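Letters A, B, C and D mark the chains as written, and numbering starts fresh at 1 in each.
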Amino acid sequence: MAAEPSTGSDTARLETFADGVMAIAITLLILEVRVPPTDGGPLTTKLTEEWPSYAGYVVSFLTIGIIWVNHHQMFKLIGRATHGFLMLNVIFLMTIAFLPFPTALVADYVRIPDDRTAATVVYGLTMIAIAVMFNVVWRSASRGGRLLVAGVDQAGVDRISKSYLGGPIAYTVATILAFVNPFLSLGVFAAMALFWLLPSSGIQFASRVGES
Amino acid sequence: MAAEPSTGSDTARLETFADGVMAIAITLLILEVRVPPTDGGPLTTKLTEEWPSYAGYVVSFLTIGIIWVNHHQMFKLIGRATHGFLMLNVIFLMTIAFLPFPTALVADYVRIPDDRTAATVVYGLTMIAIAVMFNVVWRSASRGGRLLVAGVDQAGVDRISKSYLGGPIAYTVATILAFVNPFLSLGVFAAMALFWLLPSSGIQFASRVGES
Amino acid sequence: MAAEPSTGSDTARLETFADGVMAIAITLLILEVRVPPTDGGPLTTKLTEEWPSYAGYVVSFLTIGIIWVNHHQMFKLIGRATHGFLMLNVIFLMTIAFLPFPTALVADYVRIPDDRTAATVVYGLTMIAIAVMFNVVWRSASRGGRLLVAGVDQAGVDRISKSYLGGPIAYTVATILAFVNPFLSLGVFAAMALFWLLPSSGIQFASRVGES
Amino acid sequence: MAAEPSTGSDTARLETFADGVMAIAITLLILEVRVPPTDGGPLTTKLTEEWPSYAGYVVSFLTIGIIWVNHHQMFKLIGRATHGFLMLNVIFLMTIAFLPFPTALVADYVRIPDDRTAATVVYGLTMIAIAVMFNVVWRSASRGGRLLVAGVDQAGVDRISKSYLGGPIAYTVATILAFVNPFLSLGVFAAMALFWLLPSSGIQFASRVGES
């Protein structure tokens, strides 16, 4: 036998690694919520002024959480992995692991009028990159059904592919809004995170595959 | 076949992700125990003055550890996951991953008389949020037995549901105590963490399911 | 059926959680190796002066790595877990997750003559706590063979129990040496980490169970 | 039975631990991309000046990602683990977990003419250490086929061993280039990371075992 055993349905270690990176990125978000220095004013005032940090924590946490759920659902349909597919997942994870940076950037700069648009755009571009890579990973696996588990029909694949396009489009619209009004843009990002939480939401970042 | 395979008893990846977030949150607690600056006074004095950091590390570590054990036990009874259930778990994990922040807050502000009540209340509210979400996750899974493994009877479910209510109630009482005396409140949080460690403790954050 | 399914041989989730905490604690060690500020002197000088940080990284990394290997071997013999056993593991993990703090403490204070003994003692006490809890976990599982897999004989258990005692004793001796000479003490900790790496070392933190 | 059950094909826990360390090291890279202080100049200028941090994040993320993929492929051929093999993996992981430090070092010092060669050399030496340890791990497992799964022939092993030598050689060349021109050296590290991403790249850090 040559040194090339079949990869078979071996996506387990990829899922474990992806879960690890997403679990760490989501938990590192708390490091950006900083304890205020003990001098200068009552703590209640200082904590109230820190609201953008808490809001950023919640919105980014929910967003990574939603992506994790959708990644989880997507991989129920994927049964094999090639070298190239693993690499696309690494790039996808690179965009997710980047999210703590723009989250902290927005929290720090949202109160600086001259800079809040730029900070929001960096946040939005990161979200677009995540959503685009999510689509690239799915299309790489589903193109011609080459990495899917047996028994997934083309109509189902097409329906999922179409539903996944909602993410990049919605995030692009929200990012463009930052040039009109960064608060409106951030509000839309927050609203999307809350909306996608709902089990009955019609438009979704990803279709709810696997739920009866 | 349509693109909706049954989720069956697939809670493995949820448990892995939850374990990952809890393992990271519990380990990040050490980042809040800071090495004192090398100037100014002997190290032994500086280390002794840092006692609130060590106490906070121990109490929050034990608390997340106890929650992990109970989550572990709870999931022995849960056999399936829906989209909405995954999302509730994400919100539950969001409350746990937040704990390093109020832990550091209390460690820094416990010696500032004007602020120690506020810091303790933030700590208490986080603990209440964790305990409430723990109950929400359980009730979402057990309502009508819809996500439970086969063979769990309603009487057992009711008994567990009732025992889980102890957490939010105890943490609410401890938080209210902060307005009377923050040290007393923190002492109660510490006592609860130590008490729930005991295998024979009568009142528990969660009943010891699965132990004969 | 009542809501108490048998735990059976369910130590998988405990091993996953323990691996997670150990993997995170070992990787967080790098956060204590700080990039020197860009002003003041050539980089090569500043990097050379930082040698205690590199040494601390290597010794603590190898130590946690050795503990992980031994934990891994120990759990090949453990087949079940009770509530109390899970809690003992949480306390064991609390001592390991603490190690990045004394590692950074020693790196910062080793060049301050008045403080280097205190810093070394804190490091040593942490190592003793880890080794003691490792023994406590093992004895809790092996006492009367109550949590062991079938087929482990008492003679084998006794031999392992005895070999595990080497850790606390060796670390206690190394810690006491800090009062004589902290450099000698740290050298002994480093030597032990390197010695236990060797596959043929006679004295071990834990016997090499499971290797033929 | 004595207390030495066969390890059999038990590399699962090693793979989980290695995946954990690599997932954490790769995600910690974002902590080195710092939010600029809110005072002094427009945000867009400050973000543009921070380009070495982003470049370092991307190159080091892709590098760890590629190593993870190759580690993943290597372990498809490895079926058993000894104490010594686990220890070699711990040392291998120690080199990977170190990477966030030289990444931050290069990002901070690349614009300081007198120091950029030294910073690049530290980065290069870390990469060489990773690649050397990757080879050591493989050779330890494959020497005489002692830890390999059944059915791997010697010709396949020799071909893989040879292909793995490309990593240390390429990184050594890139590191030596730092003495000529550090930007050229860093460009070569970036080019290698991008090149190894390609599924059809001829030279590889590791052969693409397991792909048909």
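Definition applied: a contact is a pair of C-beta atoms (placed from the backbone, for glycine too) under 8 Å apart; a residue touches a chain by one contact, two chains touch by 3 or more.
Bear in mind that the values here come from a model prediction, so they are computed numbers and not experimental data.
**Student:** With chain centres defined as mean CA positions, report which chain is farthest from chain A.
**Tutor:** Ranked by distance of C-alpha centres from chain A, the top chain is C.
**Student:** For the two copies chain C and chain B, is the contact made of the same residues on each side, with over half of the numbers shared, or of different residues?
**Tutor:** different
**Student:** To the nearest 5 degrees, please report the angle of the rotation taking chain A's Cα atoms onto chain D.
**Tutor:** In short, 90 degrees.
**Student:** With chain centres defined as C-alpha means, what is the inter-centre distance between chain A and chain B in Å?
**Tutor:** Each chain's C-alpha centroid was found; their separation is 25 Å.
**Student:** Please work out the Cα centroid separation of chain B and chain D, and write it as a whole number of Å.
**Tutor:** About 36 Å separates the centre of chain B from that of chain D.
**Student:** Give me the residue numbers in chain D that touch at least two other chains, ranges are fine.
**Tutor:** Answer for chain D, listing residues that touch two or more other chains: 16, 20, 24, 28, 31.
**Student:** Within their complex, state which residues of chain D touch chain A.
**Tutor:** It comes out as residues 15-16, 19-20, 22-24, 26-31, 33, 35, 38, 42-44, 47, 57-58, 61-62, 65-66, 68-69, 72-73, 76-77, 149, 151-153, 155-157, 159-160, 197, 199, 208-212.
**Student:** Over in the complex, which chain B residues touch chain A? Could you list them?
**Tutor:** 1-7, 10, 13-14, 16-17, 20-21, 24-25, 28, 31, 82-84, 86-87, 90-91, 93-94, 97-98, 100-101, 104-105, 108-109, 112, 114-115, 118-119, 122
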